[in-house]
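Report on the following structure.
Letters A, B, C and D name the chains as they come in the text, with residue numbers starting at 1 for each one.
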């Protein structure tokens, strides 16, 4: 519902890039989830910019619980976690109202909110708001991990550079969650970073594809119409700025396959029923089948580039050369990884809460 | 919410493949929408199987309004439209409970519903249920068209055969909506049908990619978090059986572009603000920018193939050779077009109703 | 959401008094609930008019499952239950569009739906639509009873005649559910019926107060803000036509009590914690405390009276004498009992499903 | 949805009595609503305790906008308004976990949240949380007033003392909103205050009945099933602590009326269609008819009394004498008036937003 995701466990995000705070409210979270500040800090760090591959705007990300936590555990009542903004340079964004940045939300926000929006730094559309998602996701995923449900994301490709494939999901997820740059292969990491630095030198930006895996989910989550697992996950993923494509399992590759190649035969591995292949990415008919969920997100190149661009002055209706001031990310895909992980955790928690009830995650 | 889509205008689908009926309930629809039965029949015909490229199961699709229509117009109260099932051969599906068809929902439905599901012909997971979506979509899209909002879908690729590109959206949409097989180029249509027939001869099936366009939408629809236009459209699209990938605008192609190539510059065309290119598929920051919405769906090959497959007998836990009885579609992508059109109409109507109020569509 | 009640288990009602059918769609119901047609028939009979104390319009109430039931059990997919209308005399209602009946919805429906509503017999606002609620409630309450959750309603007062008080909840509920006229005391039943017949002779109608009890609910249902148990129950009760007041426990009597008189002390009865008195009607802070839920509904006199009334001709804007044709209920309170029982069952089932998950009711 | 009210415009409240903050998040609010801090302060003042008729705990109620306001207007994005808690004396509440206060939520919260709740001062169940509701209501009702929609509430009766009746709704509402103690008649105000002071002297508390009126609403708000205006208003009202009864129009008095006495005849007053009497409190068939909405709430006596009470020690399972420490309200009904006004504003705004769209309130 608007700025709220979920049905049984819901997350609302609030805040503007240059307003006083950003954060999230979680409603319907189980009581009894331990707040692990080291874990939360680790997740925030994955999203935080570092070095030349990211923006120079560094926020300290000091969060505070306004409600819903007592004695180090979730209480079960609405949990409001907030980060005060700092290190904002509003002057950088003075003319966005009139000269909208290409491929940003400046123009559409103005159309939607009739000029009342806080346009500074993208306002509520800013990637800054994803800090609230990462916080909510961190609290939730720490509870999921206790149930053996693990989520990991790597950069599958970045402007032509392809990472290694997932081989052992459990180990690969563990490895990814220990690394600041989300590549499985260290050589590929260097090649990817070089692509980013090259884009930076050219005052440009690059995108790529993120690939995530979720393991440990029970069978039977999701609904046939219209809350298939793909529907629920894509819903939250497509709200992440820059994500313009989502595919599950073999995704767009299915288009060139025969049914006999695409079908995943059921087998028994001595312990449980699974499928021989996983072209369906762990989901049959919209319902989890206990195989790993695999999902890929196309992330477009950061629209804020340092290079001069031509766009429209919506006041004069004349073309205008625009040089975006402020600090830019030559790529956001490595930081978006933390947001994608958080989104997946939130969506999965909602599905689990609906199926098993409001106390499930805290038990 | 489960088997209901939407917030301000909602659609619930009900029914099982071999139960007594399938249909849809629309709640929150404006009063005063004229029921155009020719229009509805045309939309149903697009979904109906014909010839060797589809299944031999032909339903007459005679629908009845159980409620919500009076004197030929929607009343504004819940509209229940229903189709009685006929031409069902339940005997064909006797062993699905024990020997689940690969890549179908037989196994996951059994896990989810604990054996109580109507497994015959896939039950509630059957493509048969999409007839209800097409009916709801037809009623809604006839109202959208009166507002200049038009939706069209073609097969972009089918097992390697690519259709022509959209060139003039308005004309192309009109053309597609007048054709039973959704290809822009007639030569490509023949080539695609040949691929389907070849698959049929091989007792196999093929998939492909559907591409849709929506024109005439006002600026400012959608919400930043979490109800972006991409989120809302993908949510309903991913509930369509067989859809495993959704991308907007340049989608996965963004991964190889630089920001300077990807950005859509704003221009003034003498009448209104638009963008020079449309890599973002008509959506910036999750909000419509008045350019055509472009969206592509990956459709997997029909999992029901006539060829023998190996799968698991979940009772004996032994591998078993499965020959699926019943009548099969060697491809569903051309029929899925009607469902995708309907889904897009429903989702767009929900966004419009939320923004402009409950009377909007009937005015 | 509009014509849908509930969050985890939802019920949508559809239909018009003189349309083709009325019914209900239940979404989110557990698989595995046995359909007990005797039980359903008994509940329908409680709502059905009989004798001179009710309308002469008798419907056979033959229902049909359009979906969601297989082999005698709920499947867990949307359950659509429908009753075809019969015995309608539309001619009786010809001028309601222009001369709205006092205290009916004719005028407001016309304002809301702009003349597109089916005005015959009150259309979607008709008490006829409550048949769908009773059907949905019957399916659900049969499952609740298996968990020891029981609901019963009696007429507390009818135009000055007061029934006996609840004494032994379990026995009283059983007694009420075995009786067609919902009075605990048989002498009072006669007196109440006499009041109804007297009203009928005077071409008039009477109202009263219904009192319900729910026993067997676990502690901990409900939410502090804004889904208190009182909020959820009153929400559904106030949608029943004619209900204009709802109170829990001591309700409006609290206004004259001191805190020291009103407070319910906790005690231990050797088996469990309970309260000495039950002024709070089983709910503290919006949450169930395991004591019986007690709730009373004020039911206004049926607005359709046979006596001539003066009202407005909205076309001429002149006062007009109105004699309502058709068949009338001199009282609906005894029939409304079945609807109130059903509403309480639906609301309680939603609270339980949210707390314990989607399989709870069928286990 | 749990701690969120509304569908098109939603309000979530968060916070605990002795936690770091309380507040509210409004989602779906129109852009362009002017923030009037004098108006907000006036509303907060109505809720704030003063003198001997209220608790000695005085909060400064300094609020801060964390998001959703820019340049003095709502932006249309989620508005988070927060009040830091101060003046808390947690030591006063040490044993509530073990010795639950009668008629408070201490026991039920413990059952619901399994001991993880913040029990200090009632935690999330505390009346303190209503400050967030008053803030949200104030922002919304300032916008409603610009549209001519006005809300006022007085104490109809307080432990036997009855106020004057509403006579001229517009003037009476204006008068009430200018007064700190919500009585229409000043003599009755003194009598009511005396009742409160008498209760205070006796270490006891009193309740009463609040009566509200809403004028200026357009015809046609509300839905037949299940979102009648009564349903929506009662839903939010019953979440206010202490409210145990809600009635509309003649409410429980209907029980003793004949239909011919109860019916409200439609008349034409030379300007518009209205009804001669208003027994239905402005609502026919769940839909507004343009007459004033009248609603009464039964408020129970404050359960926190200074007098010693017997209750249960849930650890020893022995009866225990309880003297509630801390500062008490001998009556909350005069303060609850501000919360009821706010609740009505929120509910009405949701109905209007649904019907007229998301920009309505800010236009």
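Here is the rule we use: contacts are C-beta pairs under 8 Å (C-beta built on N, C-alpha and C of every residue); 3 or more make two chains touch, one makes a residue touch a chain.
Remember, it's a predicted structure, so these values are computed and weren't measured experimentally.
Q: Any idea whether A-D or C-D has more C-beta pairs in contact?
A: Top pair by contacting C-beta pairs is C-D.
Q: So what's the Cα centroid distance for subunit C and subunit D, whole Å?
A: Once rounded, the distance between the two centres reads 26 Å.
Q: With chain centres taken as the means of their Cα atoms, state the distance from subunit A to subunit D in Å.
A: Here subunit A and subunit D have centroids separated by 39 Å.
Q: If I count partner chains per residue in subunit A, which residues reach a count of at least 2?
A: 1-4, 7, 13, 77, 112, 124, 224, 359
Q: In graph terms, with chains as vertices and touches as edges, which category applies: line, ring, star, complete, or other?
A: Shape of the chain contacts: complete, all pairs touching.
Q: Under the definition above, what is the set of subunit B residues touching subunit D in their complex?
A: 7-8, 77, 224, 354-360
Q: Quick check on the complex: what are the subunit B residues that touch subunit C?
A: Per the stated touch rule, the residues are 1-4, 7, 10, 12-16, 19-23, 25, 27-28, 31-32, 64-68, 70-71, 73-80, 82, 112-114, 116-118, 123-124, 359, 362.
Q: Of all residues in subunit C, which touch subunit D in the complex?
A: 1-5, 7, 11, 13, 100, 102-105, 107-109, 111-112, 122, 124-125, 129, 133, 157-160, 199, 202, 204-209, 219-220, 222-228, 230-232, 234-236, 238-239, 241, 243-268, 273, 275, 279-281, 283-289, 298-305, 307, 309-312, 314, 317-319
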